[in-house]
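Only one structure is covered here, and it is reproduced in the block below.
Letters A, B, C, D, E, F, G, H, I, J, K and L name the chains as they come in the text, with residue numbers starting at 1 for each one.
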Amino acid sequence: MTALKILVMHGPNLNLLGTREPQHYGMQNLSSINASLAELGKGLNCTISTFQSNHEGELVERIHQAAGEVDGMVINPAAYTHTSVALRDALLGCNIPFVEVHLSNIHSREEFRHRSLLADVATGIVAGFGAESYALALRGLCDVLRAKGGDKNGVDKN
Amino acid sequence: MTALKILVMHGPNLNLLGTREPQHYGMQNLSSINASLAELGKGLNCTISTFQSNHEGELVERIHQAAGEVDGMVINPAAYTHTSVALRDALLGCNIPFVEVHLSNIHSREEFRHRSLLADVATGIVAGFGAESYALALRGLCDVLRAKGGDKNGVDKN
Amino acid sequence: MTALKILVMHGPNLNLLGTREPQHYGMQNLSSINASLAELGKGLNCTISTFQSNHEGELVERIHQAAGEVDGMVINPAAYTHTSVALRDALLGCNIPFVEVHLSNIHSREEFRHRSLLADVATGIVAGFGAESYALALRGLCDVLRAKGGDKNGVDKN
Amino acid sequence: MTALKILVMHGPNLNLLGTREPQHYGMQNLSSINASLAELGKGLNCTISTFQSNHEGELVERIHQAAGEVDGMVINPAAYTHTSVALRDALLGCNIPFVEVHLSNIHSREEFRHRSLLADVATGIVAGFGAESYALALRGLCDVLRAKGGDKNGVDKN
Amino acid sequence: MTALKILVMHGPNLNLLGTREPQHYGMQNLSSINASLAELGKGLNCTISTFQSNHEGELVERIHQAAGEVDGMVINPAAYTHTSVALRDALLGCNIPFVEVHLSNIHSREEFRHRSLLADVATGIVAGFGAESYALALRGLCDVLRAKGGDKNGVDKN
Amino acid sequence: MTALKILVMHGPNLNLLGTREPQHYGMQNLSSINASLAELGKGLNCTISTFQSNHEGELVERIHQAAGEVDGMVINPAAYTHTSVALRDALLGCNIPFVEVHLSNIHSREEFRHRSLLADVATGIVAGFGAESYALALRGLCDVLRAKGGDKNGVDKN
Amino acid sequence: MTALKILVMHGPNLNLLGTREPQHYGMQNLSSINASLAELGKGLNCTISTFQSNHEGELVERIHQAAGEVDGMVINPAAYTHTSVALRDALLGCNIPFVEVHLSNIHSREEFRHRSLLADVATGIVAGFGAESYALALRGLCDVLRAKGGDKNGVDKN
Amino acid sequence: MTALKILVMHGPNLNLLGTREPQHYGMQNLSSINASLAELGKGLNCTISTFQSNHEGELVERIHQAAGEVDGMVINPAAYTHTSVALRDALLGCNIPFVEVHLSNIHSREEFRHRSLLADVATGIVAGFGAESYALALRGLCDVLRAKGGDKNGVDKN
Amino acid sequence: MTALKILVMHGPNLNLLGTREPQHYGMQNLSSINASLAELGKGLNCTISTFQSNHEGELVERIHQAAGEVDGMVINPAAYTHTSVALRDALLGCNIPFVEVHLSNIHSREEFRHRSLLADVATGIVAGFGAESYALALRGLCDVLRAKGGDKNGVDKN
Amino acid sequence: MTALKILVMHGPNLNLLGTREPQHYGMQNLSSINASLAELGKGLNCTISTFQSNHEGELVERIHQAAGEVDGMVINPAAYTHTSVALRDALLGCNIPFVEVHLSNIHSREEFRHRSLLADVATGIVAGFGAESYALALRGLCDVLRAKGGDKNGVDKN
Amino acid sequence: MTALKILVMHGPNLNLLGTREPQHYGMQNLSSINASLAELGKGLNCTISTFQSNHEGELVERIHQAAGEVDGMVINPAAYTHTSVALRDALLGCNIPFVEVHLSNIHSREEFRHRSLLADVATGIVAGFGAESYALALRGLCDVLRAKGGDKNGVDKN
Amino acid sequence: MTALKILVMHGPNLNLLGTREPQHYGMQNLSSINASLAELGKGLNCTISTFQSNHEGELVERIHQAAGEVDGMVINPAAYTHTSVALRDALLGCNIPFVEVHLSNIHSREEFRHRSLLADVATGIVAGFGAESYALALRGLCDVLRAKGGDKNGVDKN
C-alpha cells in the first residue's frame, strides 16, 4: 500500500482557532489540529501538508499548485463555503478529490450558512464534531481514495 | 472509561443495500455494515445495537424506547430525512444526541434532497463515504459524547 | 339534547407527553389528559373515545373507522400537521367535522411548523394552551355541532 | 382565588357584526357577544372590560392604557392581524399576555389572511368557532394566567 | 330612471392634490375634481357625495355609514390600496359595489404598488388618466349599476 | 379641435364575444361593440378604426402599420396581455399612446392573469365594466391626448 | 350508441415527428399516428378529424371552428402547453371537453415544462407513452364523454 | 408473446373508493376496479396482482417484494404522491417501470397536489379519467414494456 | 448662517419609551429625548419642533402641515416603517428631506422589520444607538441641508 | 474618562473617493476624511487609526490584529457588505463592537445592495450622509462604548 | 475549405429597425444589416440567407425548412427570446447550431428580458453591440463550425 | 484613426487554461490567447495589455490603475462574475467601457452561473465561443468605442 499525499486546507479566520467563538469551534488551536492530523496520517499511511489563508486568491493558487501533487484534499472552506465560486472552479479545474469539513454544524446557524458552493462536488462532507471533524474527514478520504484504487466497495459518487 | 451504548438506526429502503442503486450506495449489504460497526464498536469501547425499518412510526417508537437506554444514536434517515417531522420530534423529545449519516452526497442529488428536517438538531453530519460514513459517524459520536463527559475539548454546538 | 360522540385523536410522539420538552407541552401525561376530557365530556353531554398512534397509516384507518360512528373529532396531528396529505384526505373523505389542536403555539416555533395541511379544512383551531387546548377544542366542537343541528347562531365556515 | 381583570378588544369592522358576511362571522352582534363574555367572566371569576375600534391608533392606545391594569387580553385583531406591526409593538411593549381570536377560520380564506403579525407572540390562538371563539379564548386565557401564578401545569411558551 | 346615490371616496394624501408630484397626479385640486364629478353626476342622473380622509379608520367608518345609503362607490384608496385589509373588509362587509380609481398608472411605479388588496373584489378598475380617472369610473359604475337593475348587457363579475 | 384617429384593437378569442363565458364578458358581440364605439367616437370628434386577430404576429403588424397614422390606440390584448413581449415591443417601438382594456376584472381571475406585460407602459387601464370598458377607455384616451396637446391638466405618466 | 366526433389537434413542431429528438418522441411520423387513431376511432365508434399547426392563432381558430361541431378534443399542445393563454381561453370559451396529451414525460424534462397552462381545465391528462399516448387519450375521452351522457360512473371533475 | 406480470398498487384512502368525495373519484369501489383490471389484463395477456395500503412502509415493502417478480407497476400513490420520498426511493431502488395514475385531475385541485415526487421517474402518467385511468395506464404500460422488448416504436424516456 | 427648522417625529408606541422593552430601546423617555434634541439644536443653530402620534393619519397630516414650514425632518417611524405607504406618500408629496431613525438595530430583529417602506427615499438612515440615534440623525440632517445650500461637499443622493 | 481606541476601516474601491461616482459618494478624498475623523476624535477623546484595502483577506487580517487592541471599529465595508461572510466571521470572532457606515443610501441603489451580511451583528448603522456618515458613526460608537462602561442609558442590542 | 451555409433570422419587430427605440437598437435598418452580413459572409467563405417574421409560427417553419440545408444559424429572437418554447423546440428538433444575438444588452433592460428560453441550448451568445452584434455572431459561428469540423481548438459546449 | 488602448483582463483560475475542464474552455492556454489578441489588435489598430489574477483585490486595483489610461476593457471575470460586487464598483467607479466575455455558455451550466453582477453595466457580452470569445469581444469593443467617437451608428446603451 503506497502512501497517500493529502493537503489539509483551512479557510479564512481559522487562524483564530482556539480564541474565537468557542461555542462553535472548540478550544484547540490550528497548530495542535495540524499536529494531530499529521499523527493520524502516519497511522493511515499518508503524508499530510497543511495550509491556511484568509485570502481567497491564495487558497485558489494553493489548489492549483496541489494539482498533480496530492491525492486528495481535506478542506474547511469556512466563510468561503458560502461565497466562493472561485474555490469551486479551482477544485473542479484541478480535479482533486476533496472532503468538505466544518467544525460546527452549519445547519444550526444562520440561514446563509446552509448553502455550500462546494458540497455538491465534494467526495464527502463532515460537520459538527469540532476539531475531530478533520480527523474523520481524513479517515473517510483515505478510505475512498484507496477504495477507488482497489475497488474494495465500489463507492462512486458523481 | 465506561462503555457507551449506541443505537444505529437505518431508515426506509436501506434493507435493499447491496442491491439498490450501487452508484449511490456501494455494494455492501446491511448486515455486513452492522457487523463492521459492531467490530469497530469494540475498539471504541461501545456496545452497538441496530435497527432498520421502512415504517416512520416504527422508527419513532424505536427512538422512544431508546430514551434513557442509549447514550447516542447514529441515524441514516434515508428518505425520511426530507419528509419526517415526526422523527425530528421523537429525537428532540427523547433528547438523544445523534449523528446524521448519508451513504451518498445528498447535495449532488435532486433538489428536494438538499433539505434535511433533522440536520439542524444533529450533533454532527457525515455524508458521501458509502458504508464508511457509518464508521466515521460512530467515531465522531463517541468522541463528542466522551468530550462532553470529560470536557476534553469543549465542543458545544447549540 | 342527544349525546354527541367525539373521537379525540393524538398524533405521533404524544405518547411521550409528560416527559418531552415540557417548555412546549406542559407536564401532564396523555392518560390524565384523556381522563380530564372524559370528565369534561360528561358535563357537555358527549361520549369521548380516544386514540393515539405514531403511525400515519393507523391514524388514517382510525378515521375511516370513525366515519358514520362519531359526530366530530378533536385532533392533535402533531408532526403530521405539517407533512400528511393522507390525514387530510382521510378527514375529507370521511367528511367528519374536526377541530385542530396544538399544545404549543406553532407560530412561535420553527418556520416549517407554520404550515398546516389540515387547518383550512378544519372547523376550528385551538393552539397554545397546553393540555387545556384539548378542553377548549372539545367545548368549541360541541358548540358548533349543536349549532349546526339547531341553527342557534348559524356559524357556517366553508 | 383573586379575580382576574381581562380586556376584550375587537378590531376594525367588528362593529358590523350581525350584519356582515354571516357565512364567515355568524349572526350575533357585538353587544350580545360582550354581554355573554361578561356573564361567562362571572363564572370564571374575572372582570371583563371591552373595547372596539376601527382605528389602529386607538387600539394601540387602549393597550397602552391597559398596561398595569389588566391581567390579560382577548383580542380579535380582525384586518389588523395581517397588517399591523404597531399592535404587535404595543402588545410586546406593554407585556400583556393575550389570546388571538378569530371568528372564522382564517386558513380557509384568502392567502394574505394566513399570515398573522401577532400569532407568534400570543399566548394562544382560537379560530373558527364564530362568537364562541371569544368564550373559548377567555377560558383558555384564565387557565393559563392562573397556571402561571400557581404553577399548576407549568405551561410556558416562549 | 331613478337617480343613483354614489359616494366618491379619496384616500390618504389626496388632500394634497394640485400641489403634490404633478408628474403623477396632475394639477387639479380635490375640490375642483369633486365639483366636476358633481356636474357629471347631474348628466348621469346621480347624486354625488364626497369624502376624503388620511385616517384608515375614518375611511372604514364612512363606508359603514354608507351601507344601505348609497348604490355604489368610486374609491381612490391611494396608499391604502396596498396596505389596508380593513378597507377591503369594510367594503366586503357592507357589500357596496365600488370602482377602484388611480390617478397615475400604478403599474409603472414602485413594485409594492403593483399589489392591490381591493382590486379582486372591485366591480372595475380605472387607472392612469389623472383626474379624468374619476369621471370614467363614475360613468362605468353607473353603467354597471343600471345594467344590473335592468339586465341590459348582463355583466356579472364574481 | 381637429379629429383624433384612434385604432381599437381586439386580441385573441374576442371574435367569440357574445358566445363565450358570458359570466366574464357579457353578451354583446364584437361588431355591436365596434358600432357603439364608432358612434361614441363621433361625439368625441374622433375617427375609429377597428381590428381583431387571433394571431400575435398580425396584431404586431397592425400596430406597425398604425405608427404615424393614428393618434392613439385602445387595446384589449386578451390572452396576450400575459404572454406577449412582442406586442409590448411593437407598442414601444411605434411609440403610440394606448389604453389597456379588459372586459372582466383580471384581478379576480387566475393568478397568471394578474401580470400584464403591457400595463406599465400603457397610458391608462380600464377593466371590469364589460363592453362599457371600451367606451371608458376611448373617452379617457381622447382626454389624455387632447390634454397633452393643449396642456390642460398636465397629466404626464412616465 | 351514436358516434362521437373527436378532433385530434397537434401543436407546434409536431409535423417534425419521426425526425425530431427520437429519444423523446419515438420514430412514428404524424400521418401514421393520425392513421392509427382513425383506425382506433372506428373500434370506439367515433369519427376522427385531425389538425396540426405551428401557429398559435391557427390552433385557436381551429378550436373556434370546432365549437358545436365536435364532442371533444385530444390535444397535444406541445410547446404552447407552457406559454399559450390564448389556447386556454379558446378551449374555455368554446367549452369543448379535451384531454391533454404529451408524447414524453414532461416532468422529467426542463423545469419550465412542468407548468401547463391547460392542465387544470383539461378533462384528463396522458403523458409519456410516445405515440401510444394519443390512443390512450382517445379511449379515455370517449369513456368520459359516454359516461357523462349515460351517467355510467358519475365522473365529474370541476 | 409471453404474459407480463403487473402489480397494481393503490395508496392511502383508496380503500374508501365508492364512498369518498365522489365528485373527485367516481362511485366504483376498489374491488370492482381491481376486477375490471384483471379482466382487461386477460385481453392484454398480462397477469394482474393488486395491493392497497394506507401505510407508507407497507407500500414500500410491497415494492421491494415485487422487485424481480413483476414486469411493471400501475401505481396510484394518492396522498403519498406529494409527500413520500420513500416510495420514490423504493421504485428507483427496485428499478421497476411504473405508470403513475390519478383518478381526478390533480392540477385542478389544491396547489400542493400539483407537485409529484414520483412523476419525473415514471414511465408515464394518466390522470383525470376516474376508474378508467387505471385501465388506460395498464394499456399504456403493456405497450411500453412490449415496445422495449421488441423495439416496435423505440420509445425511450430517460 | 440662518437657522434651520427641523421637525422631529416619533411614530407609534414611542410614547412608551422608558418603559418598553429596554433591551431594544434604552431607558430614556420621550420628553427627555426631545429636551436633549432641543439643546443640541441650539448648538447646531436649528429650531426643533417635535410630534408623536400613534395614528398613521395624524402623522400624515403633521407632515402635510410641515410642508413649506420646515427645512427637514428627523423621523422614527417605528412600526409604520414596515407598513405605511401613506407616510411614504406624504413625505414624497411634501418633498421634505428626512432622516430615518431607529433606536434599535432593525436588522437584528424579526425578518419583517428588515423591509423599510421609507428608506429608499430618505436622505440618510441612523439605527442602533438608542436615544443617541436621534442626535446623530439631527447632526447629519443639518450637515446635508447646509451642504445642499452651500455646495460644501456636494452630497447628492437621488 | 480614558481615551477610546477606534479603528476606522475602509473597504474596496474607497481609495477612489473624490474621483468616483460623485453623485453617490461626494467629492472628498479618503485622506481628508481620515484627517477630519482624527480631528473629531480629539474632541471625543479617542485615538483613531485608519486602514483601507481592496483585499478581503487584508481586511480580515487587520481585524484580527485589532482584536484586543481597539475598543471599537467604524467600518465602511463597501462592496464586501453584500458578499463577505469572511468579514462577518472576523468581526464576530474577534468580538469587536463596530458601526457599519455607508456614504450613500444603499436602499436607493440596486436590489443586491439592500442585503448586508454585517448589519444584524453591528452595534449601529449610519448611511446616506456622504463623508459625514463616518463622523456620525464615530460619535455614535463612542457614545455606545462609554454607555456600556458606565451604564449611562443602558442601550443593549443583542 | 468548403463554404458554410448560414441562415440569419430576425424575430418580431425587427422590421422596424432604424425607426424604433434608437437608444436600444441604433439607426441601421434591416436591409442594410443584411447587406453588411452578406458582404462579411463573402470574406468568411459563407453564403448568407436571411429571414424576418413577426409570426412565431413562420419562424418555427423557416427553421424546419432550414434543417439539413444550412450549417448554422444566427438568430435574433427579439421578444420571442423570453416567451417562445416553440422556437426552442424547433431549434432542438432540427438540431441546427445557432448563435443567439441581441442588439441591446438585455441585462440592462426590464427584469423579464433577463430570462432567455434559448440561451442554454445556443452555441454562443452576443449582445449589446447594436448591428455589429450580428457580425460578431457570424464570425463566432463560422469559427465554431469550422473548429468542429477540423478539431482546431476542440471547443465543445454541451 | 488613432489607436485604441485596450486592457484584456482574465479572472481567477484562467491561468489554468489549456489544462482545466477542456469540455468547457477548450485547449488553448492563456499566453497563446493573449498572443492572438495582440495580433488581432494590430489589425484593429489597438494596443493590447493583458492581466490575469486570482485575487479579487488585484483585479480591482488593476482596474483603478487602468482608469484614464485605457479606452476600454475586455474582461473575463470567471468565477467573480457571480460573486464580486467589488469588481462592479471598480468598473463603475473608473467609468471604463468594458465587454464581458465567457469562454463557455454560462446559461448551460449551474444555476448560480446564470446571474452576472457585471452584465447590466457592460457595453456588451460575448459567451460560448471558447478562446474566440475574446477576439469577438475585442472587435465589438473597438467598433463601439469608435462609433461613440464618430457617431457612426449611434449605439448607446445605458
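List of remarks:
One rule holds for everything that comes next: a residue touches a chain if its C-beta (ideal position, glycine included) is under 8 Å from a C-beta of that chain, and two chains touch if they have at least 3 such contacts.
Computed from a predicted structure; not experimentally measured.
Although chain K and chain L carry the same sequence, what matters here is overlap: shared residue numbers make up over half of all numbers found at their interface. Legend: contact pairs of D-I compared by residue number with C-D, E-I or K-L; the interface matching in over half of them is E-I.
Averaging Cα coordinates per chain places chain D and chain L 63 Å apart. Centre to centre, using the average C-alpha position, chain F and chain G are separated by 33 Å. Chain J and chain K have Cα centroids separated by 49 Å. With touch defined as above, residues shared between interfaces to two or more other chains in chain J number as follows: 55-58, 83. Contact between chains, using the touch rule, shows up for A-B, A-J, A-L, B-C, B-H, C-D, C-H, D-E, D-I, E-F, E-I, F-G, F-K, G-H, G-K, I-J, J-L, K-L.
Residue ranges on chain D touching chain I, taken from their complex, read 55-58, 60-61, 64, 67, 83-86, 88-90, 92-94, 117.
Against chain G, the residues of chain H that register as touching in their complex are 22-24, 26-28, 99, 104-105, 107-108, 116, 119-133, 135-136, 139-140, 143-144, 147, 153-158. Interface residues of chain A facing chain J in the complex, by the touch rule stated above, are 11-13, 15-16, 19-21, 53-58, 78-83, 112-113.
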